[in-house]
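Chain naming follows the written order as A, B, C and D, and within any one chain the residues start at number 1.
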Amino acid sequence: MIKVGIVGATGYTGVELLRLLAPRQDVEIAVVTSRELAGTAVSELFPNLRGHIDLAFSAPDSRALGGCDVVFFATPHAVAMHSVPEILALGARVIDLSADFRIQDVVTWEQWYGTQHACPDLIKEAVYGLPEVNRAAIPDARLIAVPGCYPTAIQLGFLPLLESGMVNLDRLIADAKSGVSGAGRKAAVGSLLAEAADSIKAYGVEGHRHLPEIKQGMQLAAGSEVGLLFVPHLTPMIRGILATLYAPLKPGVEASNESLQAVFDTRYADEAFVDVLPQGQLPATRDVRGSNRCEIAVRYDAATHTAIVIAAEDNLVKGASGQAVQNMNLMFGLAETAGLTGIALMP
Amino acid sequence: MIKVGIVGATGYTGVELLRLLAPRQDVEIAVVTSRELAGTAVSELFPNLRGHIDLAFSAPDSRALGGCDVVFFATPHAVAMHSVPEILALGARVIDLSADFRIQDVVTWEQWYGTQHACPDLIKEAVYGLPEVNRAAIPDARLIAVPGCYPTAIQLGFLPLLESGMVNLDRLIADAKSGVSGAGRKAAVGSLLAEAADSIKAYGVEGHRHLPEIKQGMQLAAGSEVGLLFVPHLTPMIRGILATLYAPLKPGVEASNESLQAVFDTRYADEAFVDVLPQGQLPATRDVRGSNRCEIAVRYDAATHTAIVIAAEDNLVKGASGQAVQNMNLMFGLAETAGLTGIALMP
Amino acid sequence: MIKVGIVGATGYTGVELLRLLAPRQDVEIAVVTSRELAGTAVSELFPNLRGHIDLAFSAPDSRALGGCDVVFFATPHAVAMHSVPEILALGARVIDLSADFRIQDVVTWEQWYGTQHACPDLIKEAVYGLPEVNRAAIPDARLIAVPGCYPTAIQLGFLPLLESGMVNLDRLIADAKSGVSGAGRKAAVGSLLAEAADSIKAYGVEGHRHLPEIKQGMQLAAGSEVGLLFVPHLTPMIRGILATLYAPLKPGVEASNESLQAVFDTRYADEAFVDVLPQGQLPATRDVRGSNRCEIAVRYDAATHTAIVIAAEDNLVKGASGQAVQNMNLMFGLAETAGLTGIALMP
Amino acid sequence: MIKVGIVGATGYTGVELLRLLAPRQDVEIAVVTSRELAGTAVSELFPNLRGHIDLAFSAPDSRALGGCDVVFFATPHAVAMHSVPEILALGARVIDLSADFRIQDVVTWEQWYGTQHACPDLIKEAVYGLPEVNRAAIPDARLIAVPGCYPTAIQLGFLPLLESGMVNLDRLIADAKSGVSGAGRKAAVGSLLAEAADSIKAYGVEGHRHLPEIKQGMQLAAGSEVGLLFVPHLTPMIRGILATLYAPLKPGVEASNESLQAVFDTRYADEAFVDVLPQGQLPATRDVRGSNRCEIAVRYDAATHTAIVIAAEDNLVKGASGQAVQNMNLMFGLAETAGLTGIALMP
């Protein structure tokens, strides 16, 4: 029985962790914190959990959290870093869904997040929790930095091409579309239904905080600098990310739909949660709604000698809480897929 | 040329007033106020107005407003009442889209709105701006209280039955469904797309602020007390109200689809903005999206001797800003339909 | 291991059955039929099932179906009745999600469905599969008629009041709102996103096919005739039914929020899938998205001496496929909740 | 008074033409054809037009159409070409919203549309109705080929860059997102709300029929061959196209946000319907919902030496019927903006 604490469980990644963990026999949800809602039943805030979880929110308390086997941080950025050192010291392991430990270069992190990092020493220790890349390092990690939602879809989509050495790295493009839950469960005019429904727009064109994280991962895979254009779009749907990726192939590289398909099939042959679609099928975010599966399709455009990759994930599952649980499974020696085999809701 | 001021133009009824008034040759939009956005171009906040309005928001200033011919208040409740006396004294007329002057009984108003009324004397003078009922009183009014969105649809739906004396007044039911823009352009978790999309719920079952306003109007029409059950529902759409009304007929009253149809056809024969559909057609909010038209259908259910009325309106047009402009037209001796004949956007 | 066949699995209740049954260790999905798609992999049509089901559609074949332990019909009305006799004769049991065996009075059925019933003798044998009413009869049934989506929510909402004898039966009102998936996965202009999104409308006001089914159940519960007004509404969401019910109480009956709450709490105390919310909470369809739970709230309106009941369900789960599986569990002596404890997807 | 006929007015571009033309004093809508709905009132099919148009659909009749001053074809592809020669011969001018006369190379057209062209001679005569490019040729044209929805947004977005000679033409990318109305008002499973809502997907990656049209226009502007990757996406909204365009600049070209802004500002300085947003603002399809305005923003990405252009339009207005009316205005010597200054509906 793994004793679990969740910090910041009033947001969307929090409730999604609860949805994934509550049914499990091998997990005990011991502490669920919220400063404002301390004392309120979790299932009053999230009625989908009625009958599934019988806990109330409690005020954050390092001792209680430190007594857990593992603590998930489902907090905004720049929160976890203030508590993680103490909780680690008390013996709990930490899976942080926020951005605090994702970027190895602390200067870059501080630029993008506009604040000083509270525990830069821990950044080096943190393992970037993308199991498809770092599976070996996860079991022994004390501190996991769960990848962001955009970074997960975009890295999984580009990795086979980067590792293969086929692509020209100067100008890779990630045109990504996200559901509104990506903005979190916080009151903001731009996320209102009356603002965001029945419309699509780009945002963050000048630079989105996920850019350095994505580049970091891509450069590790490519073994060199990468030029990346990343344009996120706010899409009128609740969940889901679709990333459409454009990768120019190096001159002289021979390619076809079939050869690219083979590269992806091979790369992900043993991955439970990356599903390479056959030629003729294309991903849709509804295919993965509520599931931990990332769907990927690849095509070759002969006219421009470019690989087009399309990746779909549920931003709250494979893009956040599902991936966090996948890391937990690996950390505690469980089946990687434990509790994560739920089928996507369709329609 | 009517010189117009708008207070609180950063909300949805504000931008809708601007959409309706900006194209007019007989209206000059002189002042558009917002305390927070003073100095910002109106079209920066509302890009749909680019090229149509060349004004910046200014801080509220009674003198500037008082120099207008008419001032629209598109503010939350309990704001207008603090400024209206001064603005009236400066010679401007006022059209208040908020609830401040809708309820004649100040005690009732203070109970529902939880605050003391700032100028109870003016309530008596205020004309309830439902032209289909009060057309005669509007031209000479200094102060118009524009009906709420639910009250407009529900009163227009019930009126012919109430005036005809056919219905049993003990237990009338209004089951109403509203788009999320009815909650206004303010940051609130419950109005987020991720909360309100792809879901429907009732709210305010214990009592909604529009109830006393609706009852007041219905009782005037019926000439006696009315028992009304009003249940509003939050519906996953941007605009629109659909009100489904159930009115038990008095025992012994003979009725049929045809006879009820005749009652409604006659009542609204001369109304430009109330459109009684023929038998065989039913309203949908999309039929009136962006238009000032209220669509109504009526049916007779023989098995339960009940009239069913269905009324659809755009909550921001006939339910707010369009109706406000209709009042302005009447106040200034213009054609009642001036600037209000735009066709609904379909699809 | 229960050997299962599914007829008509290309529709929404079909794919939902597959979502619920595929993960089960005690169920073998043996046959999935579709005339048009025979030979196509099920997971090609429904990519959410990739990795979860490895079957292709096959042409309907009574012998193959008859060799199953139980056959689900997820077909449009007037299809099952042509095959059920033969399949029963071959020894399989049948759970029919369509309307063919729901209405005991064959004359009424033939009027509403406009065709002759193919096996009227079987109607009498059919057990109406609403476990909250008929739990005792289900285990031994050969043929289950699964209730319709509207009938489930509306009956569950009215039942406690009807059984208690508190309500005046002359004029009960069910104002129901359904997501568009209720119209099925068939090409129809009215169900297009461009037609049904961002709009709400009533339909079937002249009479909806679910009316006789609902009245039949209500009359059984009440022990006498019932006057029912049923107005369904097409709501811009994928899944979900919200039924708002209005039940005038008999004169002299003493009632309060608390007393009505007690009636409902008591009635459903032992029901795993009917969740009576405490006073202060109201159902939303998102609370039950993807789950087999029916959420119910009840209020007393003193001014009109009326009970208001609000019931929310997922039309494809408790309103169709989940309820069908609940019946299957009972028929085969399994835990009634087996495979049905999935938590609703929120947001 | 311009006498207008509309062929195929039961679709979305048809009803949008009616919305734009019905209020005009200088236009008489004389004939509205539909084979299936001959005899039905137009406003019965499209209730938004109640009170605005008093015509019934009539069966297509070349004589009646030929007697008009101008006939709009709002038909699927490969329909207009069968009637246009006769109608032109009868003296009417033709504005074709379909694809029949858009592509100058008939062989290319026949490949993409899979049928023989019925009147290849007329293709040469047809003027491609993009006023921002062909304004001079439109007034005297007998036959206008109105650009497709994607081609309008994408060409308007790329044109200033192509004409300026700044961009490398080998690998231009257009990642475009369209609302579901782009698929037309025809029953199709993929366009159902239950399929297309709350999800996004790419389609037509192997090649979309708009590709040759877009390339044709881009090559004319660039004066040479262009390599274009075009990936359309089905987006869960009714109306709107957002095109995100990526144009690598030639090595050595100096560029900045300001310099690109100047290129766009200059190119579209005199265009009433192309609105170049200032730096700091980005387009959203809601900004142009129901309006004929195309919003464009441009940014320079220094890291990859690439121009990013984002263009938003209403696919049914500037992307179809509004542009058709803009052509009509030019053909008949009217103000280009006549009847097209309606403000977008927001929210």
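Basically, a residue touches a chain if its C-beta (ideal position, glycine included) is under 8 Å from a C-beta of that chain, and two chains touch if they have at least 3 such contacts.
Predicted, not measured: the structure shown is a model, and the values here were computed from it.
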Chain at maximum distance from subunit B, centres defined as averaged CA atoms: A
Copy-to-copy rotation for subunit C and subunit D - C-alpha atoms, rounded to a multiple of 5°: 180
Of A-D and B-D, pair with higher C-beta contact tally: A-D
Subunit C-subunit D separation of Cα centroids, rounded to whole Å: 45
Computed distance of Cα centres, subunit D from subunit A, in Å: 38
Subunit B and subunit D: spacing of chain centres that average the CA atoms, whole Å: 36
Touching two or more other chains - residue numbers and ranges from subunit C: 12, 179, 181, 185, 194-195, 197-198, 236-239, 284, 286, 289, 347
Category of the chain touch graph - line, ring, star, complete, other: complete
Parts of subunit C lying in touch with subunit B, wherever the complex brings them together: 170-171, 173, 175, 177, 179, 194-195, 197-203, 205-206, 227-229, 231, 233, 235-240, 242, 244, 246, 248, 282-286, 289, 297, 299, 301, 303-306, 308, 310, 312, 347
Subunit D residues touching subunit B - in the complex, by the definition given at the top: 12, 15, 19, 22-23, 44, 46-52, 181, 185, 197-198, 238-239, 275, 277, 281, 283-284, 286-291, 293, 295, 341-347
Subunit C - residues contacting subunit D, complex: 12, 179-181, 183, 185-189, 191-198, 236-238
